[in-house]
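Just so it is clear, A, B, C, D, E and F label the chains in written order, and each chain counts residues from 1 on its own.
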């Protein structure tokens, strides 16, 4: 028996058997987005994928191929969609991708899905995709398909952990784009895809309480990160991993009422 | 000369003259959504409309008819879309409404637009509408149309103000749905549409760091608000109004480089 | 108990109770459109809204927030979509707005809806929205949702009334845009939003029996109205009101088999 | 040289030459719709196609393949969309078909298009298709594409003609569905597709001044026509043809400033 | 009783009776596309329409009006979409047309549909239209609607027939655009719409194993055909007809388990 | 300097520099689809991705993240979309994904794109995405964006190679789903994801020259492959790889007029 939790690595009978046994399916939803001078552009795919795999191992789940393109980067949370490399979808494209996948999973017989978001801007278009899909499933007579949607960073909320990650004070998830949090995770998971020596140290980005379109590129630090990654290290990444895997596993068990 | 800032109350020659003189246009984007037992369901329209009018008077602007229906209420920010009365649009409908209106304003010759959001869940679909519209305007050769988008509560951020509004501690905008903030504003602006005697006092809503669909209605306080409005009063509402009108007027002047 | 027929002014429990008791819901569908030099641009919203409220009071109904933007003004019925101020939606946007609202009303438990159109050009896009919505409701197992759609002017058809309104002869609803009919109604309902002294007197617009796109603006009278409002007065408006409220109330009772 | 005015019967070099010389293109827009017991279901395609050909011969134009499916039949103008045989498109499908064809014609170099409608319900979705297409052409830098849109019956308006067609009084185009007008035209053009012996004589359909959805089939005469075709004859059809060909030819020459 | 197999030539009661008796419905799906210097542009409509009629007569079926516009001509199968005259739809427009027609047929009570494709490029958009329609029918509780889709040339596969048509060797269906196959069929069915004297003799088109967009027009033979029609004749056309009618009739009987 | 050809592994300045220097971008377009009992379900992603990387190294190109979900599996080319595990998108979703990515690449300054298809059913929806994107780019004034689209198997066409791969005769690409071709490639590239011992030997699938919907699952071999993979081996895979990399590299150089 194939022990992989990766759907793409299974044969269809292996997958069919897992789904028939009630396995939870995980879908990482990422983006192709600039993450500064020191990190590759697939960060938002790699991180939720790694977490999906780790949690899937805990709860006997399966991980679908990640969505590698996400919604348009916004200035205050991702630097903005004007950088070369950042390659984004229209909202409707992302929404319908989610809807199509849920429709197919339901056809397979799956009833438990976790959408693990790795790119802040995706959130509402994921929600809309879920809503359209569940509505459609109801028309088809399926009312027991259940979706958990989460952004993994929301599980890092214990004051002690925040304190350990940000001994000089936490400035908010918004400006964590390419900063200590994501960089530390990458150092723990894919150190070869980070080059801290090229990290640009800069004060946290500051934005007015409104947005302007077309955006004013100068408001984003030139390197693309919104806060400096200088405080990042592997240990912090491993701490975040532990906290996320534990928290998300527990949440998934709770949400789907799983034994394991 | 008609002194109204309300576009709907002007004749077209009056509007045309204002637009030709460079007036900023304001569009309140609201929702029809339950706001507990003590408040009417048009709160998310009334509040941004009132603020648009007040700011328009400051900056010689004009206020378009509000969008009275918004995106689906989410459990953690609006209680959820399962309440009777809450009447929401699909994301694409809201997005295309925004896109259509911007296309028309550009045809009129307007080049400055403020989208004032009064319903948290609208944010990303407004952003998408702006992006699609500005993209389309570029195809039509128009590159100088500028949009400011804001949620008015983001202008209430001075610690002294927060302290005055929430002497017992601020718990975050998320759970302010139908709570002290919105209720105080309504008391200042439309006291006849609030009946504090029917307000339900309850502890702040607590949610896990993930969402489940279909939602679990029991996670929302039965009355529909996410925090108790009991601390609301007219004075707080007037303070918020002052802070918002001043802050937003100043932001609009800055963003559009206005003299007045 | 809140006596308002305006949905936006109710709390959700008040609304829920009304809907549970079988109340008919009214949705005014308007437009933001030029109406000449003597009238404001929100005429097509104000008139059906006023009629909805009046009829709702007769039949114990409820009035939803009006749709303030409608389909593109056509030259022969609204002067054309080239005027500044006229702010219109694509057909699909209007259609999906109608569809979304019907889907939500059905979720609330409502089963009786009156769509009161105030802007000629909306008609077919409303019809399509209804058709798409009822089709979708059928997929969801709901087959008893019933919609009445009407344009209020179609209830003014008794020869004696026409004779009283147009002693010099009636020229057809088409060119009534901004003319005697709408202006009289506005004088009866919102006299402060009409300035007859600025009304431009002109012969009725004449059009060839075909349409040209792009339109030829010169074919529309420069002021924007299609017939002169000079014969308008408050008394005619009150007559129209009486006729419409009576006729529509009676039609609604008949269509939904209401006691009251 | 091929003398046909039918685009489908030309080779592409023949078509290309015609278009290069400035020929006007005609597109008949029809429907597949019941027309009572005495007539075939392709009436709304055959009639505008015949008129397009006749007019094209007059003005050196070309006729595209007709659109054989139209928008949903409405009860008051076509009996309703519940009859077997009536086969209709969603509004968006018709609109996009029109838009696509205009985009292609513009690519060919054509700049003059006549959309000849043969099915009342199509009108607004044709208008929307034109609007979307011309908007898009503008983005592509094409601003001289001109469209005439017409319903051929609108050219039958001279009182003497109406009197000759309806000696007992004209009841309006609305209920002419399958009645004297269309039947007479069919008798003049395609007599083998009419069987007057099967025509059902009935009083003109009467409808209340509102529509109900789902429609109440009983409100339509059981045979499907809205007025009796008994008064139809070939002579009336020939008169209509003469009037329409003459009137439309003249309108097309006027609209496009044609010599011929 | 009307003996026509053409739906458009029937009255609705005739159609209703046929459908009630279980008749198979045929829909020819064509295109308006250049077919070289020697043939008209409606070839892809005429051929599947003729075959539909012939097969319908064999199996007591009915033929709907053909779809006269198809998906964009591709260089390797139709010469490319850059020729004047070729008038194509976006994929979604074709797909939704198919979907709408199937939805309507199901409403009529029909349950057997044959989609006869006459234009290679349509294939996948037809498939998608079927899939969307059947999905939607399932939501409406209809699970017994069955569709056969075919391209008629796929029935010409017996080596002896291929040998007779192409004594010098068969080069593949791809480059048969406007070549021996289609021209022979046209000579058998519509000889007046072919002028072999204008046929351009040229070596078969050769293309690299990839496509380039925007296409390089020079890669298509200047006349528009992809292989020479010089070997075409009426006898070959009649052979193809016999083979196709026999093969398709038999397939339809098999697929729908028909007696006749 | 990062030597990776994988866009996701680059920082944005590295990517920006490559694009500025004129690098060709490659996008693998795959599917999540059953491939029998002996192979994993990500075959259609792994193969074009490997080929993109190999060719990109030859021509100094860059490889975007693959599209991991494709159009619905068809019975005659992929077994059908009814297998558990096969997870497919609606056509419009795939088309818009392609369109969005091209729009973004154009914004980055890229002008050369290769779409490498690994799943037969994707082809036409890719083509439509390209057409919509290039049309839109033209509206934005960009006319020099060039796309090559190919299915890698089309480069395996030399008779000697076919003879070596299929000594007992080649039966057509159609039924190569999960057969010798794909299995050999997987053995050369990802042998750990193939288990030949589980391969089911069966005669080649045979289908009638038409398709039926809903499909008849029994027509597909129960294991899901359309021809037996028994003749597959690593050497054949390496031969295919050599042939494809050489052929595609050469095609890309030719198409984009590259030096290298």
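Just so it is clear, a contact is a pair of C-beta atoms (placed from the backbone, for glycine too) under 8 Å apart; a residue touches a chain by one contact, two chains touch by 3 or more.
What you see is a predicted model; the values in this text were computed from it and never measured.
Common neighbours of subunit B and subunit F, listed by label, are A, D.
Superposing the C-alpha atoms of subunit B onto those of subunit E requires a rotation of 180 degrees, given to the nearest 5.
When the C-beta contacts at A-B and at A-E are tallied, the pair with the greater total is A-B.
Chain centres computed from CA atoms place A at the largest separation from subunit D.
Each chain gets a centre from the mean of its Cα atoms; for subunit D and subunit F, those two points are 47 Å apart. Between the CA-based centres of subunit B and subunit C the separation comes to 27 Å, rounded to the whole angstrom.
Residues of subunit C in contact with at least two other chains: 90, 92, 139.
Remark: the chains found to touch one another pair up as A-B, A-C, A-E, A-F, B-C, B-D, B-F, C-D, C-E, D-E, D-F, E-F.
Note for the complex: subunit A touches subunit F at residues 7-13, 15-16, 19, 32, 34-42, 45, 64-69, 83-90, 92-93, 96-97, 100-101, 104-105, 107-109, 193, 195, 198, 224. Put simply, subunit B touches subunit A in their complex at residues 71-72, 74, 90-92, 95, 121, 123-125, 127-128, 130-132, 134, 146-150, 154-155, 157, 208-214, 247-248, 251, 254-255. Residues of subunit B that touch subunit F in their complex: 138-139.
Contacts from subunit E toward subunit C in the complex involve residues 136, 139-140.
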